[in-house]
Structures are given as C-alpha cells and as structure tokens.
Amino acid sequence: MLAEYAGVLVILVVGVVVACAMLGIHLLLGPRRKFAGKHEPFECGESQIVSPRRRYAVKFYMVAILFVVFDVEAIFFYPWGAIFQDLGWFGFMTMFIFTIPLAIGLIYEWMKGGLEW
Amino acid sequence: MLPMNHVIALSAILFTIGVLGVATRRNLIVILMSIELMLNAVNLAFVGFNRIWSQVDGAAAIDGQIFVLMVIAVAASEVAVGLGILLAMFRNRDSVNVEEVNLLKW
Amino acid sequence: MPIEPIIKILFIFSVMVMGLAPIITWIERKQSAVMQDRIGANRADLNGITILGLLHPAADVIKLMTKEDMVPDGANRVMHMLSPLIAAVPAIMAFAVIPFGGVYVFGDTTLNLVGADINWGLLYIFVLGSIAAYGNVIAGWSSNNNWSMLGGLRASAQMISYEVTMGLTIVGVFMVFQTLRLTDMALAQDSSFRLLGFLDLYLGLDWGWIDWIRVPAWGIVYQPLGFLMFLTAVMAENKRPPFDIPEGESEIIAGYHLEYSGMRFGLFFMSEFIEIILIAALTTTIFLGGWAVPLLSTDTIINGISSVMGAGFATGLCILIHFVTFLLKVIFMIWVQMLIRWSLPRFRYDQVMSLCWKILLPLSIANIFVTGVVLLWVKG
Amino acid sequence: MTTETILFYIFGGLAVVSALGMVLNTRNTVASALSLVVTMVSLGAIYLLLEAYLVAAFQIMVYGGAIVVLFLFVVMLLNLSTDEFPPGRQRLIKSAFVIAGVAILVQILIALGRDPLLAAQPGAVPEGYGGYRQVGISLYTDYVLLVEMASLLLLAAIVGALILAKRKID
C-alpha cells in the first residue's frame, strides 16, 4: 500500500533538502555587517509608530468563517462529483437539496453585508 | 500492518491532552483548540476501529469514516460559532479569559 | 525503497522545478519587454556572450545567495526562518502527481510516467495548497512590521477564499471524467470525438465526411466555463498580478515578504514561479489533454511507428513525443499567464473578494448543476 | 518493524509532542495554533497509514487548512498572544485535574494492552477501501440524510457566526 506513496515521500525529502540547502548556502555566503538601525522594521524611513501587534478589522474573520463552511461543503462535493454518473438523478437531487441551505447562507451573508469590504 | 492497540492508545493520549488543556488553560482560544484536539482523537479512534472491522459479513464497511466526515462538519460549525462567541465576549469584556465570564447577563 | 519512483521524481523535479523555474523568470522579462516595446534582459554576459539574456537567471541566483541574511528586530526568528520553507516545499511537492507521460507497455512491464500515482491526486494538490497558505500569514506575522502583517492577512484571506472556488470550479471535470486521479484524466483525454456525430446518430444523415471532423476529447471542450473559472481561481491563488494585492507595491510596499532578504526572499519568489509552472501543468493535465497529441491517440502513434521501426522503439519514441507535447503545452500555458499578468492592471481588494464570493462561487455551483443535468440527459 | 510501523511511530510521536506543545505553550498563542497544525497533519498521515485515504485528505484540508486558519486569524486579529496558568488555589485544583486525568489515561492504556481484539492483527482491507468511490457510494446512498443534516448545520453556523460577530470590534 505504501508503494504508491513512495514518490510523495521522495519529493518531500527532495523539496525539504533543496530548500534548506538554499537557505544554508545563503547563510554561508552572505555578509554579516550589523549596525544600529539596519535591523529596525522597515517603515518608509520612520521608526515604527505603532506596533503591528494590535487589532485588525473583523472582516478577515468573516471571510475565514465563510471559508470554513464552504470548504466543508466542497469536501462533500468532491466524492460526489467523482461518482456522479453512478448515482444518477438520485445523487443529483441529493446534492441539489444539500446546496439550498448553503445558498441561503451565502445570500444571507451577502444581504447582511458580510461580503462587503 | 500497524499495531492496532497503539493506534487506539495514541487516540487516548491525545484525548487526555485535550481534556487537560480544557481543564487547565484559561484562554478561551486555547480551550477551543483543545476541544478540536479531543474531536481529532475521537476521529482517530473511529478510523482505527474502522480499519479493524473493515469487512462485516464479507461486505466492505466504511461507517467509521463516514462518521469522521460528519465530525469534521460538526467541528467546522462548532469553531465558527465558538469563535463568534469569543469575538462577542472580547467585545464586551476586553478579554478572552474564561474566568472573567461569570455573569449570565451584562 | 523501490528505485523507480526515485528516478521519476528526480526527473520531473529537475525538469519542472530546477530547469523551468529559472527559465520562466527570463520568459517573464522578455515577455514584458516585448509587450512594452523594449529589448529586455540582455546585459548579463560572460566575455560578451549574452545568449539572449539567458544568463540573467544565473545572475539572480548569485545575487540572492550573496545578500546579507536579515532578521528585523522584534521578529520571531524561528518562524521567520520557517515560513519560506512552508511556502516553497508544498509547491515543489505538488509535482509528484502530475503525469508527464501516459502508461506504456514494454513486453511484460508497464511504465507509468507519474511520480506517485495516487488515487486522489487532485485532492493531494488541494491539500498542499491549503498548507501553503500558512507560509504567507506566518511570514507576515513573524516580521514585526505593519505592512508585512497587513500583507500576510490579505494574502491568507485571498488564498483561502480562492481555495474554495478553485475546488468547486473543478467538480464539473470530476463529473465528466468520473475520477480524481490525474493519470486517468489524462488517459481519458487521449482520444477524440466527432464534432457533428449527432447528425447521423439522431438525424440519420449518413454522410461520409462527418467522421472526419473530429475534436480532441479534452476537458476544455467539456468544461469551457470551468476552464476559465479555474484559471482565474488558481491565478488569484498564486497572488500574482493582476491579483497581487497582498504584495501591492503602491499600497503596502511589498506585503508579507517585505522583511525578507537574500535566499529567504528567494524562496518566496521561487515558490511563486514554481506555482506558475504547477498551474500550467495542472491546467494542461486537466483541461488541455495532458501529454496527449491532438487527434492522434497513443495507439495510433505506436502502431504507425512500429510498422516501420519495431514495437520497442516505437514505444520509446512515443514517450518522447508525449513528453515534448506536454512540455510545449505547459510552456504555452505559462505564456498565457504571462500575457494576462502584463495586460491587466491590479484589481482593488474588494474587487478581488467580490469576484471570488459573488461571481465565481455562484457560477461554479451553477456550472456543477448544469453539467449534471446535461450529463444525465445525454446518458439517458 | 515494517516501514509503515516506523512511520506510524514517527507521526504518532510528532502528534503527541505538538499536542503537548499546544497545551503547554502559554507565551505565544500563534505558536500554539501552529503546533495544532502539526498535530492535524500528522494525524492525516496516520489516516493514510490506516488506509483511509479520503478521510486523510479531508483531515488535512479542513482541520489543517481551514479550522486552524480560523483560529490563527482570531489570534492575530485580536492580538491574543499571551496567557498564563492560573494562580494560587486554583492551581491546586487544576493540578488535581491533571493527576486524575493522567491516572485514568494509565488505566486505559493498561486495559488496551490486555485487549485480545486489538492485539490481533487486522486482515487485509477489501478492494477500494477508504477511496473516494467507496466512501462516496456509502455517503450518498446509506447516509444521505446525514449529508442533508450537515448542510443545515452549516447554514446554522453561517447565520450564528454572522450574528455574533457582525458588530465592529474597534
């Protein structure tokens, strides 16, 4: 059973080794000249006025909520799509009914302004 | 072939870690993450037991994995609503410490 | 450890990642130069030999390697180091399931030209995509910089939004080909059908030339809308112009990789280019017939050549033809992406988000159900 | 030991260590969330070893890729980077919790070691076990009602989350 996934393991190893090697060579070759001010976070020539560790708009959270819900919807679609022709009209109606509440949810969010930026 | 008792033992260990997280931590986010961990431990047990009973009366049985899919759907809804509650709580109390939420109404 | 997957993986890795990725930085420069009526990259030279500017990728690598490795004050050092790896490694790993050739029979052995022939190959790519989203958000968070943080949040919001759409736009293809395995999808497209076949099937017109007007049975023929939506979604997922809001230079300087220098930045940069190749390879495999030569199926090619040369040689030549076809299609799709990138101005953030949630998502669900009705109607 | 067993112990160990890292890390909640990602991905790998392919993919996509992203967003948006263990008397009570929990766990583990059913090796799986075809057929014939219920649950989640979070935070 593992034979199919041997390729995945190999490419995981290859990818990690190559990426780490790139970072490693860079660490060896790059110069190291530190002085005060150089390592300050870049802020268009100013010193940092506010810390980035602060609160941000909640809209990002709304997008993430929608994403989680629709990602779960999508995982129900994948196996359904791949066996669709075996399921026939019954499967079609199943998924149609499955989609209706989610469509209502999307429309509700749309109407409430959850999709506006 | 995997040692099945170790799979189930791993599930038990993860579940215990989740329980201890819920019991000891005060940050609501970490508590929710521990709940996710507990759900995952149960999922592991479902998949493991499904692997043991992969055939019932000669027919392939997949019910454990179906349950895992359902748990995934439940966990997604739980997280969405739970974090919504967390945001509401943060707005009102300016904290996500569960011990400061001791009023039924504010 | 079997030796066969190692060879196949190393082959596709060296061709697609190590070979093509530096070259497309050159393609991009030349393409932009052509479109802006300039000459383009031609300065890097060895003793006056420039080879059309092809030395620029090498110069880039040398430059990135010899820059100082900077970590800003107040940054989280471990995560600052880790996030370029999280962005680059999944992009590389996705090539394991891309078939770069079909299934060939040599006597009693079969050769399947794909690194890992996974049953759920397409989902494997989605899985890697969902992991890759962490690279940007961690980069933004760990840099201790306002612009980086905003860029990281924008990047992850955009990536997760388009991940859902990307998944749903492709369900129509699953429904047509009835598989999640990329090898099977490519094999299913290694054929053609009669464009006017309905004339003699339904109308009983028995004209001889109907057989000659053939169309390759590619995904793009079955799912033209799906192809357009998928291309849009994956290009937005890759965060390149016109969807480069997370790194919009004019607004948030460079976004999440603002505080990255040298090869750490290079890995982000490289992962974007690897993803261009991945998008090209993926759309080729799913929609453009993969390695299949248009209108010439594998059997036709092998039978045609083996009547002259012998079966073993014919199969070998067929492998070569298929691989070259695949590579040409991939380069064509890379060129299409470059064309889009240099033609369109950047969208606003709200436009990108409404394109995803208000247009692509409803359209892709409608596409799924229309495909379903048509499929069931045709199958009776 | 076969390769699969070795991989199982590697990923199982990774899962336990990162789960502990999530629970014990009080200084940095972002790191906690990222530890949780490692747990989820290791569990996905273990599902693969248990030949539950589709579930493994969905585990990493939804848990690793979606749910933890949501956690990470909330941690970052609210800047909840620190937390501390409770002081004083409560610490005593919670230590009792920990000891009781570990004691029960040890009991369970001992019981598991003696279980004859789990000690026996499971047989080979039937053809197509855990693939999308088998799971899909089962899901869309025997468990159709469950699928429809899941969709209603997700609708409830969207509406609930929107109502709870719709007011602006700052």
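Letters are used for the chains, namely A, B, C and D, taken in the order the chains are written, and counting of residues starts over at 1 for each.
We take it that a residue touches a chain if its C-beta (ideal position, glycine included) is under 8 Å from a C-beta of that chain, and two chains touch if they have at least 3 such contacts.
If you're wondering where the values come from, they're calculated on a predicted model, not measured in any experiment.
*Asks:* Between A-B and C-D, which chain pair is linked by the larger number of C-beta contacts?
*Replies:* Most C-beta pairs in contact, of the two: C-D.
*Asks:* Which one chain sits nearest the middle, judging by mean Cα positions?
*Replies:* A
*Asks:* Measuring from the mean C-alpha position of chain A to the mean C-alpha position of chain B, what distance in angstrom results?
*Replies:* Here chain A and chain B have centroids separated by 21 Å.
*Asks:* List the centre-to-centre spacing of chain B and chain C in whole Å, with centres computed as mean CA coordinates.
*Replies:* Centre separation, chain B to chain C: 35 Å.
*Asks:* Could you give the separation in Å between the centres of chain C and chain D, each centre being the mean of its C-alpha atoms?
*Replies:* For chain C versus chain D, the centre distance works out to 31 Å.
*Asks:* Cα centroid separation between chain A and chain C, in whole Å?
*Replies:* Centre separation, chain A to chain C: 17 Å.
*Asks:* Identify all positions of chain D at which a residue touches two or more other chains, and write them in rising order.
*Replies:* Expected reply: 4, 51, 54, 58, 61-62, 65-67, 69-70, 73-74, 76-78, 132, 135, 139, 150, 154, 157-158, 161-162, 165, 169.
*Asks:* Which residues of chain C are in contact with two or more other chains?
*Replies:* As it turns out, chain C has residues touching two or more other chains at 119, 123-124, 149, 153, 160, 163, 180.
*Asks:* What parts of chain A, by residue number, touch at least two of the other chains?
*Replies:* Within chain A, residues 5, 53, 56, 58, 60-61, 64-69, 71-73, 75-76, 78, 80, 82-83, 86, 99, 106 contact more than one other chain.
*Asks:* I'd like to see which chains touch which, written out pair by pair.
*Replies:* Every pair of chains in contact is listed here: A-B, A-C, A-D, B-D, C-D.
*Asks:* What residues on chain A touch chain D, complex-wise?
*Replies:* It is residues 1-2, 5, 53-58, 60-62, 64-69, 71-73, 75-76, 78-80, 82-83, 86-87, 90-91, 94, 97-102, 104-106, 108-109, 112, 114 of chain A that touch chain D.
*Asks:* Can you tell me which positions in chain C touch chain D when the two form their complex?
*Replies:* Per the stated touch rule, the residues are 76, 79, 119-120, 123-124, 126-127, 129-131, 133-134, 137-138, 141, 149, 153, 156, 160, 163, 180.
*Asks:* Contact residues on chain D for chain C in the complex?
*Replies:* Within the complex, chain D touches chain C at residues 28, 30-31, 34, 37, 41, 44, 53-54, 57, 60-61, 64-66, 69, 72-73, 76-77, 131-132.
*Asks:* Which part of chain B faces chain A closely enough to touch in the complex?
*Replies:* By the definition above, chain B touches chain A via 69, 72-73, 76-77, 79-80, 83-84, 87.
*Asks:* Spell out the residues on chain A that touch chain B in their complex, using ranges where they run on.
*Replies:* For chain A paired with chain B, touching residues are 58, 61, 65, 68-69, 71-72, 75-76.
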